[in-house]
Amino acid sequence: MSYVAIKGGKAAIDGAAAATDYMRCKNAVDEPIKLSVIEDQLRLLTSRVVSEGGLYHPKLAALALKQFQGDTLEAAFALRAYRSTKPRLLETPLQDTSNMRCIRRISSAFKDIPGGQMLGATFDYALRLLRLDLANEDPAAFRVVAKNFLRNTPEADLPDSFPKVLDALRAEGLLPPLGLMQDPAFDITRDPLVFPVPRSAALATMARAETGSLLAMAYSNMRGYGDVHPTVAELRVGYLPVMLPHPVTGELMEAGEVLMTECEVVAMYESGNAGDMPVFTLGYGACFGHNEVKAISMAILDRALQKGMRDGPDNPSEDPEFVLLHVDGVDSMGFASHYKMPHYVTFQSDMDRLRTTQGKVRKSGETA
Amino acid sequence: MSRKILEVRGLSRIHGKGCPLCTQHTGPEFDTNICPFCGSVVAAHDINFDLYRGEILGIIGESGSGKSSTVKMLYFDDAPTSGQATFFDGAEQHDLFSLNAAQQRSMRNKRFGMVYQNPHMGLNFQISAGGNIAERLLMSDLKHYAEIRRRAGELLSRTEVSLARMDQNPKTFSGGMQQRVQIAKALATRPPLLFLDEVTTGLDLSVQAAILDLILEIQNELDTAMIVVTHDLGVIRLLAGRTLVMKHGRVIESGLTDQILEDPQHAYTQRLVASAL
Amino acid sequence: MNENYELPLEDAGYSFGFLDEYAKKEVRRCILKAIAIPGYQTPYASREMPMGRGFGTGGLQITLSLIGFQDTLKVIDQGSDDSVNAVNLRQFVQLTCPGVDVTEKTEEASLLQSRHRIPEKPLTQAQILILQVPYPDALVVVEASEARRKIMHAEADYSRLLVKLYEDIVHFDEITISHRYPTRINGHYVIDPSPIPRWDVPKLHQSKALVLLGAGREKKIYAVPPYTLAEPLVFDDIAFRVEDFRDATGVRHACRCCGSTVSFLDEFSNDQGMVAYQCSDSAYCEEQQQTGSAA
């Protein structure tokens, strides 16, 4: 009997929790998964969760992945809820990404860039052939992989930081000069988006957006619902030292470092303001963790949204409301899930309307 | 006594950043409205006219002459670069371009009417013909369903749209009938000022004639002042008592329509009249 | 990250009310603004809560920001205190607000958080009703852009919403809006009163209790202050009608448990395949059964 389903709620919830935990533990011969295994061996999964959760805490991200059994949306959501309990202690000053300790850095605009291309860890040129030898990997062989890699990589070759590719273009006058930000950066965790919103609000929203949603919107622009035509001037992945003011002296000091992906795209040039030379336009993407597709998508959308904010949107990907209100994974997955909740009252009301309307149609049919 | 309803002075619109030389090097004598120095487009420059209650003023010109730009500014679809327009509404007097956005919307919704060449601009094709008219009535705070139905029915009969079609979606209507619905919608609030932008363009000749007759009848009945924009001398001849001839963003000739047709002064007007005869 | 970092496993407790105090303060500021401008959708930053967006996170943030030790809370979903979501929310509040009393009795509660229903028993000045809202803006059915909707609200331009009602009557001879009935507050702003049935809309009008509406995902808080006009949007000559529980012969269905003929009923098929009716408000139904005072 359907009605009873909403009664006895407490027992039902407890039962559901027990069943969910059983699913995690049902194979008794398995070892409980260690957080460090998730953090390292499933590092891209962890990256995705810290990025979409908007909280740089790889260990908690690994815990969330374990607890929510690999669901990235749920794991990111748990990080966000955790963050809600924490006050904001201070505003982060501007961080300079040219200080990033890069583990990967490429440019598709130039064959050679100051500091050189650095392919680093990427699947870009890997053959997507399943490696069946990983199915039953020998722990000894597993350890040798890391040992050999480190032994064969000369440490001294790597500089601490690399110059930004865009600086060279800017020096040549091909890019707009760097403007100083007039207003402090918009904090989406403290202020709601009320449109029109500044670019910093758009960037912050996209930085913690759900990867797939962001990709879909950016892809629509790439395919023809838009005309950004981007070139990746620079994509870099690495550890950015986080500089925070000392609580007593106020002097900036390194508080730690975060793994980040940053992407800068150069797009079609535009005529500048009166009297200025035409220059290329830019799109910027950055997020926590190693998430290249996300950073590229964000950079393309940033460029598309700048156009939409200025001239009005011609395509969905240029419409700030359309993009920014639909890319958040926590919002969208929550709302999709809520349809599973009981809607008896509203459906009762729906039936009342339909029956009344049917009654009127029936009556008019009889009199006709 | 003829009462002034609209006074337009020095109305100008330049698309682009503009430069001090824009207006001096464009216009009919330069055969262009594009500034050779800065590339800006002088869509309209220094338009002046008065309009009186119940009068139909024609604005004629080829495409790019500035006739539609002029009407767009007066209907707040576009903002002028400079110039004034004063709307005399009974005892009230409004400086149109100093109204704020909310006041402009209120003016559009309640005191002005607009009929576009393209019915998609003027009609909502997601709702019925009657619903389109209801929307205008609801904007002017009529909230009585039966009264709205009565008024909408009245307007549709007046514009010769069969009442049987009142609850149908206008996308199923012929082009001529769509224009009739648009006119009915524009008249819903009995506006003292109505803009008509190429409303008969693209329609069959017989349909055109019927629509033009309808416009004249409405003018007689309601004493509505109208500004009729067209490239068709026939429309001007039939409707407009006075006419502005525009070319390259400038008014090159103005006066009583009969006079312009009989004794055109400007070479362009002469060619226009000759070609129509 | 520091290699030696360990998760603070012993520090797993949460502060009273889950949210940090700054967040609660911000919500309270927004509530004050919402009360000051009846019906206006006040934007706020809306924190993520540990339950899904759409499960009542907007209502919950209001509840957690207002609740104190002296409060007694009632949580209902679909009229029932015992439905899964109501239990879940209540447990969460009990977990994070130790010392707060909970109740199922409408009259005992100082705060009532509800999804989709307003209790049958009239509320008092001493009570605050908090409604969970999925869609805060009544204009969304006719205008997708929030920027444009804000202008329409500011100018109290609801003509397009009324055109929708007009079209309904033209095509169906009935207004088809079943729940979330657009309601005009204090003569200006039209609100989405949350997915309460039309049955509950008149309870907002001149309500003795303060009614707060919270949309977590859409990040808005709005209010119907006590003793304020709340009028369903209708035409002057077409009456607003609540759900009709009469059968084909015009006889009002009664609750199969308490026999009430004056409450909102849930309809369902019993094991014999027969259609049966029962009060949607379970606390009201139980009280009727105990006092035996039902008509």
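Each chain carries a letter (A, B and C) given by its place in the written order, and its residues are counted from 1.
FYI, a residue touches a chain if its C-beta (ideal position, glycine included) is under 8 Å from a C-beta of that chain, and two chains touch if they have at least 3 such contacts.
The structure displayed is predicted, hence computed values, not measured ones.
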item: Two chains sharing the most C-beta contacts; value: A-C
item: Most distant chain from chain A, judged by the mean position of its C-alpha atoms; value: B
item: Separation of chain A from chain B, taking each centre as the mean of its C-alpha atoms, in whole Å; value: 50
item: Between chain C and chain B, distance of the C-alpha-averaged centres to the nearest whole Å; value: 49
item: Distance from the mean Cα position of chain C to that of chain A, given in whole angstrom; value: 33
item: Touching two or more other chains - residue numbers and ranges from chain A; value: none
item: Multi-chain contact sites of chain B, meaning residues that touch two or more partners; value: none
item: Touching residues (chain side chain B, partner chain C) in the complex; value: 101-102, 105-106, 127-128, 130-131, 134-135, 138-139, 143-148, 167
item: Touch list for chain C against partner chain A, complex; value: 1-2, 5, 7, 14-15, 18-23, 26, 43-50, 52-55, 57, 77-80, 82-88, 91, 116-117, 134, 145-147, 172-174, 176-180, 195-199, 217, 219-220, 243-244, 264-271, 278, 280
item: Contacting residues of chain A [partner chain C, same complex]; value: 1-3, 6-10, 12-13, 35, 58-60, 63, 77-78, 80-81, 83-88, 188-196, 256-257, 321, 325, 330-331, 333-335, 337-339, 341-346, 348-353, 356-357, 360-361, 364
item: Residue ranges of chain C touching chain B (in the complex, touch as defined); value: 151, 154-155, 157, 159-160, 162-163, 166-167, 169-171, 235-238
